[in-house]
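Below: a set of structures, written as structure tokens.
Heads up, the next two complexes both have subunit A, just with different partners, subunit B and then subunit C.
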Partner chain A sequence: MTTREATAPRGASAAPPRRRGDRLAAILVWAVATLVAGVLLWIVLDLLRHGLVHLGHAFLLEAPRDAGRAGGIAPVLATTGLILAVTLAVAVPLGLASAILLSEFIRRGSAFAQFVRRSLEVLAGVPSIVFGLFGNALFVHYFGMGYSVAAGGLTLACMVLPLFVRASEEALRAVPDDYRRAAAGLGLTRFAAVRSVLLPVALPGILVALVLSVGRALAEAAALLFTSGYVMRMPESLADSGRTLAIHVYELAMNVPGGEGNAYATAIVLLGLLLLINLGTALIGRHVLVRTGE
Partner chain B sequence: METEPPLERAEAFRPWHTPSPREDCCPARRPILRALDVTVSYGGTTALRNVSLGINRGCITAIVGPSGCGKSTFLMSLNRMTDLVGSASVIGDIRLDEQPVLGDAVDLLALRRRVGLIAQRPNPFPLSIRRNMTFPLREHGVRDRARQTEIMEECLHRVGLWTEVRDRLDRPALGLSGGQQQRLCLARALALEPEVLLLDEPCSALDPMASAIIEGLIEELRGRYTIVIVTHNLAQARRIADDMALFWATDGVGTLVEAGTAEQLFTRPCEALTRAYVSGMRG
Partner chain C sequence: MSPARTERAVVWSLRGAALAAAAIVGLIVALLLVESIPAIRNLALRLVTDSGWYPAPAATDGSFRITPMVVGTLLITAGAVVIAAPLGLASALFCRFFAPPGVAAIYRRLVELLAGIPGVIYGFWGLVVLVPLISALRPPGASVLTAIVVLALMILPTVALLSESALRDVPQRHLQAAAALGLSRWGTIAGVALPAARSGIVTAVILATGRAIGETLAVVMVVGNIVQIPSSLLQPARALTGNIALEMGYASGDHRSALFFSGLILLVLVMLLTALAAWLRGDEHDHA
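Up next, the complex of A and B:
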């Protein structure tokens, strides 16, 4: 330690201009990083400061009382879980199939591929409130689902699909062509290569796509206002209306005077959930990496 | 230009190699693979023009020539790996046991099982060593676990890898050294019982020791398989090849300069270019 200090350059003034520029850039990068981390920390601390007092296991297990000012969020949690389940049950198989089709079976430059890609890009940029209106027209009214968990989940599936497809497609494309050639050289079908080699290798990337999608779905309120509604009862089936965590936060904060405390507490739960999902996926991803030896 | 190796082989003294096993292995010199006027282009640019070459059954055919003369392209066209390159088009005629290789009606999966390819860079799947061996078998209809294991063990034995990996079969194949990976790829190909093995510079990414092991293996496979090996190493070609073909690029287009027995090309080539190349003066 001491010897290294002794041989290190004595100060910025002694360094050539190039080095000084590098140092400036490094300081800038650090400053920005610190700022970002600081903002995040501030938000988290603010949430904890206001919400922690209301939090406890009872909060997670009890039904809300007094329009949500008191009591817990059990039905809201259940609704969130159900809607997320519907969303993923639809978006993941459909999205994976599309991603595989786009990356493995359709030539990149073909008109069809271009069309699909362009469409996904447009869809990814559509504001969620528009998805809400679309879901309301299609699922709630045209398909007669009414305000329901199913309609909300399907709407969210439409919303996260473009994101999930694009990210999964990128993950698949990032798999080296060597493996595709090796599989073809052994007389394996493309389907076999996808199933047994490409998907496992791309899994960490696909999990990232999944986390992004779940994050987007969990955070969504606008698209659900017109599709799953904001009833606070415990949903008994997919045909029941219900509100998610994000909508609960929104309602308590905006429309229920005196609901701020529980709004904060709910927000903590929402954040914690996101963190948990992130962590879980990272663990699974690491496990896969160990198995494939990359 | 002579394009087909002659049917009988000259009995000549070959000081660099013991001739005994070799003479038994491909005595008849009947081609199993035959390329006729094969021209390959990538997106309109011709990479290989009018190559006619017979690959003799059970023999080791070495394809030599400077970089970019179309050796890999030729090799890939033999089992239609060129199909994977969107821009590539192959015209002419290629026959495997008199059956056409080119054309839409060909069952590519069956063809590639019969004509296996070992790439320059070892490319085991990022799966366990065991799965690398069993997964292609399963896809080709060997469903019985015990049978899969049996074939795996036999093939790993044959490439001299069994004792090295028997305790780590369920560990990632990518954890093996380069030479071990290449031998695993060879074992993986052998498990499918191909008739022809195409090897594209299989030793070039390996250190000399690993390279010598692979070379020894290739020699052991003589007779049981038909082997086409692209190599930059003339000494290696001289040591192991029965037949040899020299490719050359003129104006960016690869052509076959001369083909014949390895001995012919080394000791009494017909073309001046061949003479210059084998004596190390060109390429």
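Up next, the complex of A and C:
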């Protein structure tokens, strides 16, 4: 901060209040930054301090006992994985098709492109509890799926779709036009160019989109309460109800007196998975930079 | 099939997929409307005039005043935004103008981490750490204030990250010109950077407000969930979102419909905010 101040002119009468203003602003923003960093540290350390004692490979592999107070989270992990699988199985093809259309086949400003983009923008803002209501009405009741992994996964697919479309559209647009011209020059149809040139080149970016969507889905709870439900058993099929990690934390903390210990441990597992995902996107991102030589 | 026909078929199926993706939001609105019809027809103004919230499957058996939940949501949201907006903006200014580049990079990473922490974990932290702290101040601890603090933390990264990107879009030459004119650093920020980035910052705050209105479980875990209009910030209350989360599991008939109707209110509020943000951004692009 001292170097910048040196560049400020020395207007004799105005300088002292100016410098005081600069100093005050600097102190304030540093204080805020310290506070924010401190709170993050507080949250993480508190989780680790209380949760690590409960954590071990047995916790990941055992079934919960005593309403989740004891035992592990094996069925919860399985349900989380199944719901993610359903979410991606629906969101990826639908989202990729939309992204390909938006980036390669229609003009950016066309009415249809505008309509799709606006709709997805609004969808991105819909609160998760409203997704829960929607999923409950449509999948659980109208489609007769009941509280199930399938209903939960479909609800989350609708929820992560805008994120996935936007991120993979960006990945496709980031491919230099030289590739498109070269493909056209070789006589490829536009679709052939997409399949054998653009998609492979944009793959790392699309992977980032996928990983971001997984992160969003992992963090979600409110949309699942009334779609996948909160049964704690190991799901045997997509028609079974089951709870994810996030719901497990909520249920243990709110509805199971004495469940805090395992809630802490589950929260660590959830946070750990999200950190891995964060790391994954960073690594893929670096890979993209290396490949395009930027 | 000839290549041209394959190509046409492909484009049409892509169009179909995109249309399906775009239709979801319409489907959500339509479903919420349909499910809200019994509440609109059987309850209507009773949602405001009834004596309290004692829901029952049949409209005639219960009373359905949702006003306390609406007040709860508005109070908590307003409080969270009032705290998170200045702190988030200060965070952005820190990254952009005050921190050395290395520190700024680490700090930005940290804010992104905060943005990625699930609401449930914020809520859990609030429940086991903040509630006892605030309870020491005045029991019961689970209160509007607790919810405001937790929610402010949750939306702070949204304000910080989006404002920072708005500040980054301010052309460097404007800042240099300000410095050349002899403005101090704070003078440059207050006189040039903030006004230039204003619409981006306002958009950031609006989007954060939308997140706060819609947040559910983090609030449920710390707000106490008692249906009342709180007379102080240290009293418990209940939010619209929390009301849905707590009661959907067993609601039926008009009760269920009233919950869908409160979902519709939330959706409309958030859509208005999204539209406002889009309009502000469009405004800016027109000027550019």
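As a convention for this text, the second predicted complex is superposed on the first by the 233 of 294 C-alpha atoms of A that agree within 3 Å, B and C clash if a C-alpha of one lies under 4 Å from a C-alpha of the other, contacts with A are read in each partner's own complex, and residues count from 1 in each chain.
Quick note on the criterion: a residue touches a chain if its C-beta (ideal position, glycine included) is under 8 Å from a C-beta of that chain, and two chains touch if they have at least 3 such contacts.
All values reported here derive from a predicted model rather than from experimental measurement.
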item	value
Which superposed partner A:Ser237 touches (first subunit B, second subunit C, both, neither)	neither
Which superposed partner A:Arg107 touches (first subunit B, second subunit C, both, neither)	first
Partner chain in contact with A:Thr189 - subunit B first, subunit C second, else both or neither	both
Greater subunit A contact set [subunit C / subunit B]	C
Partner chain in contact with A:Ala246 - subunit B first, subunit C second, else both or neither	second
Contacts of A:Leu138 with subunit B and subunit C, given as first, second, both or neither	second
On subunit A, positions contacted by subunit B and by subunit C	189, 192
Contact footprint of subunit C on subunit A as seen in their complex	1, 4-5, 7-9, 11, 18-19, 21-22, 24-26, 28-30, 32-33, 35-37, 39-40, 42-43, 46-47, 50, 93-95, 97-98, 100-102, 105, 112, 115-116, 118-123, 125-134, 136-138, 158, 161, 165, 189-192, 215, 218-222, 225-226, 246-247, 249-250, 253-254, 260, 263-264, 267, 270-271, 274-275, 278
Subunit B residues touching subunit A - in the complex, by the definition given at the top	79, 81, 84, 86, 108-113, 116-117, 119, 121, 123-128, 131, 135-136, 139-140, 171-175, 185, 188-189, 192
For the subunit C and subunit A complex, residues of the former touching the latter	3-4, 6-7, 10-11, 13-15, 17-28, 31-32, 35, 87, 90-91, 93-94, 97-99, 107, 110-114, 116-125, 127-129, 153, 156, 160, 179, 182-187, 189, 207, 210, 213-217, 220-221, 241, 244-245, 248-249, 259-260, 263, 266-267, 270-271, 273-274, 278
Residues of subunit A defined as touching subunit B within the complex	107, 178-189, 192, 196-197, 200-201, 290-294
